[in-house]
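In the two assemblies presented below, chain A is common to both, partnered first by chain B and then by chain C.
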Partner chain A sequence: MMSGTLSISERIFGDVTVVSLDGRLDTTTASDAEASLLSLLGAGRQKIVINARNLEYISSAGLRVLLAAKKKLGSGSGDIRLAAMSPQIRNIFAITGFDRIFLLFDDEGQALASFS
Partner chain B sequence: MNAPAVLTVSPETGVLSAVADFVEGALRDGGVAEDIVFCVHLAVDEACTNIISYSRARSLSVSIQVCMEDVTVIITDDGIAFDPLTAKPPDILGNDINNRQPGGLGVYLIRKSVDEVTYARREGKNVLRMVKRRR
Partner chain C sequence: MNPEYLGYFIVLFQMMAVIVILAYFVTRITYFSEVLSGIFTWKNQILLTLFFGLVSIYGTESGISILGAPINIRDLGPMVGGLSCGPIVGCGAGIIGGIYRMTLGGFTCTACTLATILAGFFAGAIYLLNHRRFVGWQLAVAFAVIMEGIHMGIVLLVSKPFSQAFELVSIVAAPMILVNAAGMLVFALIIGNLIAERRTKEERDRYGAELERKKAELQVARTIQESLLPRTLPTLPGMELAAKALPATEVGGDFYDTIPLSGDSSAMLIGDVSGKGVPAALFLSLSRTVVRANTGWHDRSWEVIRDSNKMIAADAASGMFITLFFGVLDFRKRQLTYVNAGHNPPLLVHADATSEELAITGIALGALDSADYEERMVSLSAGDVIVLYTDGVTEAVNDRDEQFGTVRLEGIVRDAHTRPAENILDRILQEIAAFTGDTPQFDDITLMVVKVTSP
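Moving on to the complex of A and B:
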């Protein structure tokens, strides 16, 4: 397996955008992820579900990207919610307190339903 | 006890992928469980990212020794003296995201990911030693 790669794909469900991350969200790939998220927010797509089913790894650089996007949203009706994280990544969210900043769901369907 | 695996690179962001492959390869070759691989990789990634970002080092080496009971990683760089263990921890209890400062998050993750971490300045080099128990 090659490291240092992250595939980002987007699907639209009404006013919610699902962003699937496949690979590693780290120093090498953080700028790509940040550009994608900020582009969505800039286009008015403010309800975002990040599907982390195929996210293998996240470092502090990746956490910063998510935090920056969340701050950009402000206090409107939009939000960034995450779904289907591996136990290791969920643990990273727990020990950093990010599980109190972001709503986390077991699967994409639950995260989508939370916006309706 | 096996001889340690050692990787020496020129510190720049582009080498982080090679460091990740080296760490994961050495640990998997040693039969280390995947949850331990994840934690050690994270600690090494955060430490090397800090060195590449701040130390102005010309050389960075990562040594990994897999033993029955634990994994020991020693990261050495010839950059400016910097003890990452003195970095102020982030305010992880702050629920107001506007008051959260992301600085220090990497060092915090290092501390949480391994069981022991020590820093020394030896012969003009920073030496960060991390130990992760295998169970």
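Moving on to the complex of A and C:
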């Protein structure tokens, strides 16, 4: 099975939380990612940067998790922004049109700066 | 060996054999199982009290005199009763065994009666402290050792004259502790065995029930999905149409459809819901109905998809979305007008084997309620082949974790493009099967092939 593992780590920069995804965000790992994003939102951490530098693959189940979190945030000051994705992942975002829903940044620093 | 000692061993061995039988017996009666399940009734409490009380009386009666000192396992019944069934049974059995001891008299009468009642009381207290569970054999044996030590202490404190009590205790203490600890070990192991057996069975039952529920859910999801697929495909003038959906074990939410339109045209759709199981199947059902309804209300494909998206987005909980390719085939003009809402771009292979992709013209439905959709048109000519597919095709994997991919798919279609639609479809499915081998697939594989024939 092409699944496997996804490790999720979180770092805090003021009111922004950087979530690094390392591995594959697919059907098998989506529920873990969803749980950690929703617990961040539940704890009032509304500004989230997903660092996708080590994200190898994202399936529609993975896109659904990001979209669910984004929809949960609504139109307030909080947002989920993505940074440092590989050309392959960026291509998936372009193909599915998700690059029109999420703000994508070349690196984490730019994504962090965009919140201030 | 001293024949006197051999006699003691035989008697002790007999006692242990009786204990094994008693322990086996009690673990087979339903009242004991009830208590282990946390069900306490007057009936099971009274009957178990009587049982462990009788064990205590047996412990007194079976006692032997070693070097003139009585060795017995009177405390064992109340201890086991209390540890496994709680304070009522423990104290009850202790009182029964204690009263019986009292009738026998002797200078240790008060001390032994008191010790037996206390044994049941302490055992019951340990049961409560351990959250109404049996403590396991290690702690049970340790308790038996300590309790018999207390028993000896009470004899020393209460029985008069002290010198006689001291002489007795110095002889019987070690064998009493040993025999009661051994009896407790036998009981505890057999009870522990029963508890472990019941836990295994419970886990198996729970696992079985969970499996049944999952199977039923899969069946429901599959039934919904299958009911949404067209039973037969229409005959299109000047075109051939073939389609196939192979659901994965965990149904993925793929679908395809054709909708006859007024005039000389027909819509064809292929889509994939982001999710699996019953939620995906229900979301698919909603989306299909919405798109079908909008197809009747609008003339332009982009309007159909724009309004469908608004309705689906309003209803899309937990981030669900559906990728959809919506194409209208005009048989007379030989044109395909399409909107591609985030779906894997279908492949158009021309009669001269050149190919192009029918690219995305908007985002997947349900993701963004204000999304705009563009409509595109391609002219078709005889020999053109359009292959619509879901990501289960290009993301089918082999045992080396390689994906089937669009390059392979395109190669096959180019190779087979002169054949009828049905043949091209079969050929793709055969190649996927050969590529994946025995590797299980986790997504539905859905394909639709349109071939433009001579007018």
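Keep this in mind: the second predicted complex is superposed on the first by the 113 of 116 C-alpha atoms of A that agree within 3 Å, B and C clash if a C-alpha of one lies under 4 Å from a C-alpha of the other, contacts with A are read in each partner's own complex, and residues count from 1 in each chain.
Definition applied: a residue touches a chain if its C-beta (ideal position, glycine included) is under 8 Å from a C-beta of that chain, and two chains touch if they have at least 3 such contacts.
Everything numeric here is computed off the predicted structure, so don't read it as measured data.
Once the two complexes are overlaid through chain A, chain B and chain C clash, as defined at the top of the document. In the superposed model, A:Leu6 makes contact with neither chain B nor chain C. Contacts of A:Ile101 after superposition: both chain B and chain C are touched.
Judged by the touch definition given at the top, the superposed model places A:Ala61 against both chain B and chain C.
Look at A:Ile80: by the touch rule set out above, it reaches neither chain B nor chain C. Once the two complexes are laid over each other on the shared chain, residue contacts for A:Thr27 go to chain B and to chain C alike. Shared-chain residue A:Ala69: touches chain C; no touch with chain B. In the overlay built on the shared chain, the residue A:Val19 is in contact with neither chain B nor chain C.
Shared interface residues of chain A (contacting chain B in one complex, chain C in the other): 2-3, 27, 59-61, 63-64, 67, 70-71, 95-97, 100-101.
The residues of chain B lying in touch with chain A in their complex are 13-14, 16-17, 20-21, 24, 35, 38-39, 41-42, 45-46, 49, 90, 92-95, 97-98, 100, 102, 105-106, 108-109, 112.
If you check the complex, the residues on chain A that touch chain C are 1-3, 27, 59-61, 63-71, 95-98, 100-101.
Residues 272, 274-276, 316, 318-321, 323, 341-342, 344-345, 360, 362-364, 367-368, 371, 391, 395, 397, 401, 403, 440, 442 of chain C touch chain A in their complex.
Considering their complex, residues 2-4, 24, 26-28, 57, 59-61, 63-64, 67, 70-71, 87-88, 92, 95-97, 100-101 of chain A touch chain B.
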